[in-house]
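The chains carry the letters A, B, C, D and E, assigned in the order they are written, with residues numbered from 1 in each.
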């Protein structure tokens, strides 16, 4: 059953068409990857979905309702939340407060936001540091904090923009496991990443964006062997890299 | 109904005044745009520059045109010292810290001014004989023409400096990304010192120009600051041509506006325009708004 | 909107602090009866600064919206309360003549309404632009009132009369200040406070986690403006004179900034300490240094910012080590009379 | 409060503030000199010792109020003397009304507060707006009928007094057959008069009347010169009062008329004593005349002296009674007070001074004292000066 | 000939020391990789070489000259360019202006270098008039590298140059680095992508918790099981 749907979405910046007539549908509980060359329009597509920017044309449906043009907090209240490509913690709040923001304001009825905040921190493995501030965290931990905050809103759909970027192997694996766990809880995950071994290992389906347009979609295997995708994005020896991480 | 002559006359008066407004705001705009510091003491620095010119004028009979150069140099040095000794310690501490430091400075300058020169209004005059210039029914004040030309020269000079010199390029780069500028081999600490020097030096020069037209007291700082803000916002922060246009818009709208609304509205007109522009174009008429994430 | 589950836990958790706070308030309460009017005036102004500081801190320190127009709400509050206790002078019907408390309440409400109207417009601006925009709006309000002599008395000002002794007004102001401090404390430690602090740190991130930034900014703005209105209302009733030139002057804003920064921004105790320090500095220096007082004051402000950027609060907290995390500090005690 | 609790009964203590700094600072010294000379005179004539405590009020009404609070908190004050301009004087007066202390205020012409504030303790021995308007008419009538200009221009300061004075001028002068061809408001404190000048030139203004602040007036004349326009008669009430006028403008300031309450050239009413006391105390150079605010301040002391003498007591109520019922004779003339503290209508002539060769001379009414001279008219165009 | 010599440096942020006794050297013409987990101190070492950080102890020598205590503005003209981690670009300037700024210390060679950069990253030429702040993440990364090349350095320090780049581009970037190196520029690079890094590097050092724990030929390291264990997720 479709939970998130984009219909003929287009976003232009001056002469540049960053997102060009993109339509897609994601089923409830699915984990879907989004890849594409730099500047393909991936982050822009996420911004259109999450309400940070409004599309020039097209419609976004969440649970069958039109959410185009709503502001980010309204969309969050309807159960869709995203993380940022560059981490954006609340610097002066402790980790538990960071997470509590999601629990308090996410728009779901949470009995005890603080308890919920500890739960999600526990889940991403940061609960021991609950009372410290983010400036003491490593990049990997900050990315996990982004995820924790998003989870605290108890969302239906999560958009992850490059949560594995810039992480070492160990951290990447931790994130991959985390995304897997989130998927196992029945949440819908839509994620962008250039780290193929991470993305391919968690995604059930993969969309490929090139130059603003959706050029392919399919299972990770199909995508990795798609000529067009290899040319536009993966490159010739991508197979090994992805394979190496195939676990 | 207001006579056409009067409208044209006011328009021209407004333009001449606007040139001065622009130069009075130029330093504020640069420091704001480049260093992201709102120089709350800008008006008071204008005042100091004006007193430099007044002192040279009354003590040595020096024309404020020369006084302007001296005022620039004096304030340039003051600005550099300010950055080197004080401000560099508070930038990056949040926007209110520099604001308070500069407020403290404004308070000091005003009180020192009061102690040193007293609170009587003083002025210079241009020191070159010149009659009002008449074109038909229209009369233009000679000192205003001279100050207008000098203002334009200062603005143009500043613009060319930023646009065409290597140092200017370095200043612009530092404004956008300090860390990156350092990676390019730019000594950004020095650039800041220089920028504040130029910003306050321009305030000094503008003060000297103002002393030719308006009486100066140690208390004029705040009102010039507000005017200068209006110009900066109209023109867009950090934009030199924008500052000129902002100044002209302000001068003209004030002078023509009072013809129709009455003199009591002079400042209300300018601040209302200022707020409207802020709302319609939050980054000024000629500023640009950043996008992306 | 605000869930106030146990907002005062931290505040009343520490007996010593509560004790200090109560002693300070009691000490202030006897000021009008044990000192001269001149000294009472100084303490009254101290209370005004504390209230302005506490309220500005809510919008600027906690919510991160550096308003430079706080004085407009103070000044407007002063005029509204002046009109209500002394309507005839503005040519208003005698029937609206009200007691001091009603007048001050009305001052708060009008200030809040103005914030309600201006907020959505001003909050289209961010950062420095918001600061400058608020400064300009305040200047417009001042100019309009200055021009509307019938209502403001113009440059000559507006004389106020009321039914209360100044000493009583002082006590009411003290009560109002304490109440506003408690309310601010409650807000900061409530759900709304969390939202405000999140907006302070990163508005976009807050928005994507479900916070409606405008709503909480407006909430902080309106509450802060109402408190400034209360301060203004009492100010008019205590001094019995308001003047658009000085009561709406930017110098109030500047002094408020100084109070908060001297005390420590984004902490509850900051404005209290700052208010006490500022008044002591201001008056003390005037007595000692005469015309050099403002020069010394300016130099001290600069020195403070450089060498004690966290303000007096941070200095004391570091020294006596009873600070919590700076944003949620619970040390709301300060001995005002001790700063004299 | 502790204010006024104890009465030592000894001597007379006067609290006063003067604008030593701020926009009226250029007049502060002269006002202070007038007070000092007047207090010396009081000490000579009274058995009791008279002391005056003066603070700087920074030309700020709130400082007026604070300073008076401070002085009365620390001293047994019997009387308060006002500062300068309606803005500062009304602040002092409000304080005095609250405290129930006799208050004397000069250097303001604004009648509004007297009518609206229900004054009981405030008395102003000083010519008021209506007197200024009448004396303006008298001044113009010094010009032979054939040459007399008829086009009046009024620059109305956007203040209560500015409006009141403009109303009186318009009413009095239109009544007398003049044409008020221009009446424009301007913002007090604004420094750009170029629009008003263009408007005046375009309306063919011959007589220019206004009430600017001292710096404002100086700027206005400078800008007239820059724009090559001048009226034939110029009267700037208050702006042309201080010496700063001449030091700021020099010859460009000549011809300007003022109404400072007192002008050198008046005789009687103690003027002779004032001159000799001044010479003794401060000295006068050759050809130098006493600055006008000195006379206004001195006149205040004379009024106080006569009130105390008549009351034969320092009791506030008794002094109040004396002020209400007695007639006074001072360097500015003879007058009594209305109940609201205004000098009784028609009793005071606002003497008009004119700047000439660095001094303020009495040109109206006709006087023959030191410094009196003939009214110089018309003002020549700038190119001929 | 040794171009860069890092001799037992200790580096700290305030009181927190993060680099202990690190020594290594880079010979002229070489490509050397500095590897390590997140937070190992790689960026810190690079920043110590190029100026922003100063070692508490130890010495950095470039071309026979001690540079440990110099600032960036003195170091860049000596021929070291640092392409920083993260996208330190001039967001309000156009792509072209960014590149011009890269040549701040090399104004004569600007045109030549511009051609070279456009050659390596045609995308930048396409977008030369666009405001850099509106480029996509990856485009910004390319710009940062291109800009670093503009000063025509003798030694280039690359911090995670492939971060956020599409796999095809990652290859392109590594190819470009190889080409730059072949043309005579010495390269010191920090990378997460160990495979690619060791593919183009001559030698490598492994940093663990602020200390160098392994070093050797690239080929040796690639085969070293300890490297494989920690970085290749094997």
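What we mean here is this: a contact is a pair of C-beta atoms (placed from the backbone, for glycine too) under 8 Å apart; a residue touches a chain by one contact, two chains touch by 3 or more.
Nothing here was measured: the structure is a model prediction, and the numbers come from that model.
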Contact distance in steps, from chain A to chain E: 1
Chains touching both chain C and chain D, listed by label: B
Farthest-lying chain, centroid of Cα atoms versus that of chain A: D
Furthest chain, CA centroid comparison against chain C: E
Gap in Å, rounded to a whole number, between the CA centres of chain D and chain B: 38
Rounded Å distance between chain A and chain C, as computed from the means of their C-alpha atoms: 43
Whole-Å separation of chain centres (CA-atom averages), chain A against chain D: 77
Inter-chain centre distance, chain A versus chain B - centres from mean C-alpha coordinates, in Å: 48
Multi-chain contact sites of chain C, meaning residues that touch two or more partners: 147
Junction residues of chain E - those touching two or more other chains: 134
Junction residues of chain D - those touching two or more other chains: 158
In the complex with chain B, residue positions of chain C that touch it: 60, 66, 121, 124-129, 131-133, 135-137, 139-140, 143-144, 147, 250, 254, 257-258, 261, 265, 291-295, 297-302, 305-306, 309
Complex contacts: residues of chain B adjacent to chain D: 3, 5-6, 9-10, 13, 17, 114, 118-123, 125, 131-132, 134, 139, 141-144, 213-215, 217, 219, 223, 254-255, 258-259, 262-267
Residues of chain B defined as touching chain E within the complex: 166, 169-170, 172-173, 176-177, 179-188, 190, 288, 290-292
List of chain E residues in touch with chain A within their complex: 37-39, 123, 130, 134-139, 141-142, 160, 163-171, 192, 195, 230-233
In the complex, chain A residues that touch chain C: 50, 52, 71-74, 76-77, 81-82, 84, 88-94, 97, 100-102, 104-107, 113, 133, 149-150, 152-153
